[in-house]
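Right after this note come the structures.
Both complexes shown next keep subunit A, but they swap its partner, so subunit B is in the first and subunit C is in the second.
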Partner chain A sequence: MKVSYFPGCTLKNKAKDLDMYAYKSAEVLGVTLEEIENWQCCGGVFTTANDEVATKLSSIRALKYAGDKEQPLVTVCSACHNVIKQTNHAMQTNSAFADKVNRYMAADGSYKGETEVYHYLEMLRDLVGFDVIKEKVVNTLKGKKIAAYYGCLLLRPNKVMRMDDPENPTIMEDLIKSLGADAVVYAKRNECCGGYISLESPDAAKKNSIAIIENAKVNGAQMIITACPLCKYNLEKCGADIPVVYFTELLAEALGVKEDTNA
Partner chain B sequence: MQRVGVFVCWCGSNIAGTVDVEAVSEALKSEPGVVFSTNYQYMCSQAGQDMIKDAVKEHNLTGIVVCSCSPRMHEATFRKTAAAAGLNPYMVEIANIREQCSWVHKDVLTGTEKAIILGKAAVAKVNLNTPLIPGESPVTKRALVIGGGIAGIQTALDIADAGFEVDIVEKKPTIGGKMAQLDKTFPTLDCAACILTPKMVDVAQNEKIRIFSYSEVTEVQGFVGNFDVTIKKNARYVKEEICTGCGACVEKCPMKKIPNEFNLGMDNRSAIYIPFAQAVPKVATIDPNACNMLKNGKCGVCSKVCAAGAIDYTQKDEYINEKYGAIVVATGFNPISMDKFDEFAYNQSKDVITSLEFERLTNAAGPSAGKLVRPSDGKHPHTIVFVQCVGSRCESCAEKGKEYCSKICCMYTAKHAMLTRDKYPDTEVYVFYIDVRTPGKNFDEFYRRAVEEYGVKYVKGMVGKVTPEGDKLKVQASDLIANKQLHIDADLVVLAAAIEPDKSARPLATMLTASMDTNDFFTEAHPKLRPVESPTAGVFLSGACQGPKDIPETVSQAGAAASKVIGLLAKDKLTGNPCVANSNELMCNGCSSCANVCPYGAISYEDKEFRMPDRTTKVRRVAVVNPAVCQGCGACTVACPSGAMDLKGFANSQIMAEVDAICK
Partner chain C sequence: MHNNKYLRDEIIRISGADVSKCMRCGKCSATCPAYDEMEYHPHQFVNMVECGDIEPLLNSESLYKCLSCFACIDRCPRGVQPAKVVEAVRLTAIRKQGANHITADDIPAVVDADTPQQLLVSAFRKYTK
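After this line comes the complex of A and B, so read on.
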């Protein structure tokens, strides 16, 4: 299976691991990630301002690129996924916005929101299947207690994301279980890590992040996995004393392709 | 050809003010079939009616057109007048020249012109009228009440009190419903069991009432006055007539670790059980999923200890057929599942409970013998947070909650908060709310007492997150009035879960062809004027199956439903509405379009033999309308692609004649 892949800017520098292991793991699972040519930043944050079009155009170019190849568009960064899915939803539901966008896009041809957008986790669940992953595991993670950290952007707003129950999600826990490890369920797994507030008020972000890590640890977690570079940054920055890794790294480890990449 | 008389009413100045009534009666004189036309000040008065009767005799009239007010007002009056003059009452047509004409027009010219057109349409129709005779059907003098909660109990008692027989079908092993699980009732705080159990005993002792407990309705056929119902009595593996309810079996049963439904799983029961001490019927029931004897034939202790010899491991489900004249739905409600509301950590902590669980925790017969303790460690909670509207008024989250207000939560939460502060004054009690809605007799005073006398801390705002940490529940919430975030370390969190109709309601509605709204509440025939009747004749509604209700409201509705049933059962025969659909079997091709749109289930199909033009015989499937069930809505006549279906009194030809008269 071939899919179009939008990595996002952080994945090419700070969050290289998230990107690299995504590629490696997908290969094992029989999925080829075809990186979009000349992709640009997704726009960073999805602004709900009605007259704001410019920052959404790069997302739309990526969506159209995948659409022209008749492939689903897969992203792995929580923030990129959020922006691209919300932009696509706006193209489908807001005709005034879609019309405006298509005037800007005139040179590239029109786009109406036809492309299907998957987060890498959704791809694992819906296109690959956790049962298939289970069969491909070579290094079982049996006995490890791993806590999934969703953050705020991955599942919300639910009306648009349509990925999992935002208050009681299971998608990452199911992944952890399929890799043989124990999934730790804890209340703060979908609370905000502090996000960009770490720039302006590092203490506020720290308070949030510490509360999340403490809550995971109280429930027995030995490791936290996440899909978001900013979450990982905030959780680590606050002084986490348990490892915080990208879920793709854990996946690569279980699938036996982590060492290869290091070598 | 008909001989039609036209009678134009002035209605004082109501019609005559904007319609030239003289011109109308003059214009209609020349319409086809009209042999007499006149006008009068008040047609509905005795003098006016006499004028009609005299004209019928004098001019040998066969049809009557009255140009007057809406037929909803006086159609029945003029039909009676016609009958008194020896005409078939369905030979009367009303042209409404008041509500839809004189009242809405300002100038006489327009008003008069329109009145004439409406009169012409009525004349055109009456020319095609045929005498109609309503059918009669007998009434089975027995009622069925589905659901044995307080709604079903009250309805059954009231019907029995009027001397009619009633059967209650209850799917649980005992009647009593949700009210039996409650501790105290608002606003008077009398104990629920103290006022409910005497009623349960009344039901058991009433000779007119039969209880089918542990049973369900599986099939409903027939129509108002003549329902044919199949009731499935689930095997309880105990002979109901013999069991004395002594409880020896319950005590000796070795399987004691079965979650007790009555206490919402907060303690255990044995495999053979009596739900609670005052159960009616007080008979044991064996849970087939838990009993060793039934699962693998190894045990049999209950059979050995039963002095009455009531245990019967070979008992089978039993099907009973019974006839009823009326059916009352009283299937009640349940709190919604909290699975999708994990921001409150219901699935993560035993100390996050629903309000119904709180009722059991404070009930003397509950799992903690009435002591308010934390389910996790049995300790007394010092800080309790109540969260209202969990899943109610949930517009943005309709996929997991309900858009409507569950209505009862504000009052029971005030009750819980007040009782806690009364019994345990050292406890800090918070209530988070969107709005406090406590209308009702002595209701708002009750809530004010909780705040003013008992010092319950009401906070306008919602709880965003509950995080179990150690033995505390960290509650994060917003106080909208103080505009700040609150962090409370609570020992117990109580969720006022939204309520929804019982899951059995939807399949039951299909069986009864009774309509439901999008939330699966049964729809009433009219939201204001016929609140306890379903639009399906002979089906009545009692209690929360029709919408969220507290006990006082439920009991009033139960009584109202009973009085409607009594009104029906008191009749020996039912006179139908003759304006019903009927199918021309020669034109019907058996496509089922009509049956698919019929909201009352009045259409069935029969295989009939037809002589074909070539003298052969052919069997064809054709539609047959049951006139006792048909309500004359006309949906089928529109749906029928071959024009076979027609409505008596409103035939396609009559309606087309009216349209032609208007457009001429």
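After this line comes the complex of A and C, so read on.
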């Protein structure tokens, strides 16, 4: 299976592991990620205002590119996924907005929100299947207690994202279990780490992030997994004493395609 | 209090939020992860916009404390979408010429070796025009 892939700016720089292990794991699972040509940064956060058009065009170009190839669009960064999915939803539901966009991009042909958008986790669940992943595991993670950190952007706003139950999600826990490990469920897994507030008020981000780490640890977590580079940064900067890793790295380890950097 | 009807209508229009549906339950503020940092809380944004009392919001640092976590959108029992109201007020403030909340010159002092690009693009998307 071939899909269009939107990596995003951070995955080509500070979050190279998130990207590299996404590619390697997908290959094992029979999915080829075809990187969108000339993709542009999504902007990091969705602008909810109806009259903002220019800030959403990079997402629409990526969506249209995938649509023209008749492929679903897959993202792995929580933030890119959130921006692109909310933008696609606006194209589907807000005809005045869609009309403005299509006038702006008239030279490229029209787009109405036809492309299907999947987060990599949804690709694993809906296009590959956790049962298939389970069969491909060569290094079982049995005995490890792993906590999934969802944060905000994968789940909210739920009316648009539709990934999972926003207050009681299971998609990342199901992945953890399919890799043989124990999934630690804790209350703060869908509360905000502080996001971009860490630029101006690092202490505010720290307060949120410490509460998340402590809550995971009290419930027995030995490791936290995330899909978001900014969540990883905030959770690590608050002084976490358990590892915070990208879910793709964990997947690659279980599938036997993680490079042994200690060798 | 000054009732600025034009600004009120404009903010309601660009946000797409129906502030008149608010029943003042305060759930949005109770769930807001930036509550402690804010002078005006999400339910106050909703109420003050409804009343046209917008100048104090335009001049408040609270505009830059919202994390776009969308918790208030999902947890409001009336579907008011407070985050969209906060965003519309913030855009009204920063769309004014020279009113950007940060500049590129502010960045070198606040980045470290691990700062992800996502942090910078997100801050510029939210704080500048």
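Note that the second predicted complex is superposed on the first by the 259 of 263 C-alpha atoms of A that agree within 3 Å, B and C clash if a C-alpha of one lies under 4 Å from a C-alpha of the other, contacts with A are read in each partner's own complex, and residues count from 1 in each chain.
Going forward, contacts are C-beta pairs under 8 Å (C-beta built on N, C-alpha and C of every residue); 3 or more make two chains touch, one makes a residue touch a chain.
Being a predicted model, the structure only gives us computed values, none of them experimental.
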item: When both partners are placed on the shared chain, which of subunit B and subunit C touches more of subunit A; value: C
item: Touched partner set for A:Asn168, first subunit B, second subunit C, both or neither; value: first
item: Partner chain in contact with A:His89 - subunit B first, subunit C second, else both or neither; value: neither
item: Touching partner for A:Gly194 - first (subunit B), second (subunit C), both, neither; value: second
item: Contacts of A:Lys144 with subunit B and subunit C, given as first, second, both or neither; value: neither
item: Touching partner for A:Val185 - first (subunit B), second (subunit C), both, neither; value: first
item: First (subunit B), second (subunit C), both or neither touched by A:Lys56; value: neither
item: Contacts of A:Lys258 with subunit B and subunit C, given as first, second, both or neither; value: neither
item: Which superposed partner A:Lys24 touches (first subunit B, second subunit C, both, neither); value: neither
item: Touching partner for A:His81 - first (subunit B), second (subunit C), both, neither; value: neither
item: Subunit B and subunit C footprints on subunit A, overlapping residues; value: 191
item: Interfacial residue positions of subunit A with respect to subunit C in the complex; value: 8-10, 13-15, 41, 43-52, 55, 77, 79, 152, 155-158, 166, 191-192, 194-201, 204, 207-208, 228-230, 232-233, 236-237
item: Subunit A partner contacts - residues on subunit B that touch it in the complex; value: 339-343, 345, 347-348, 400, 465-470
item: Partner subunit B, residues of subunit A touching it in the complex; value: 165, 167-168, 185-188, 191, 211, 214-215, 218
item: Complex contacts: residues of subunit C adjacent to subunit A; value: 13-16, 33-34, 36-37, 64-65, 67-71, 73-74, 81, 83-84, 87-88, 91, 102, 110, 114-123, 125-126
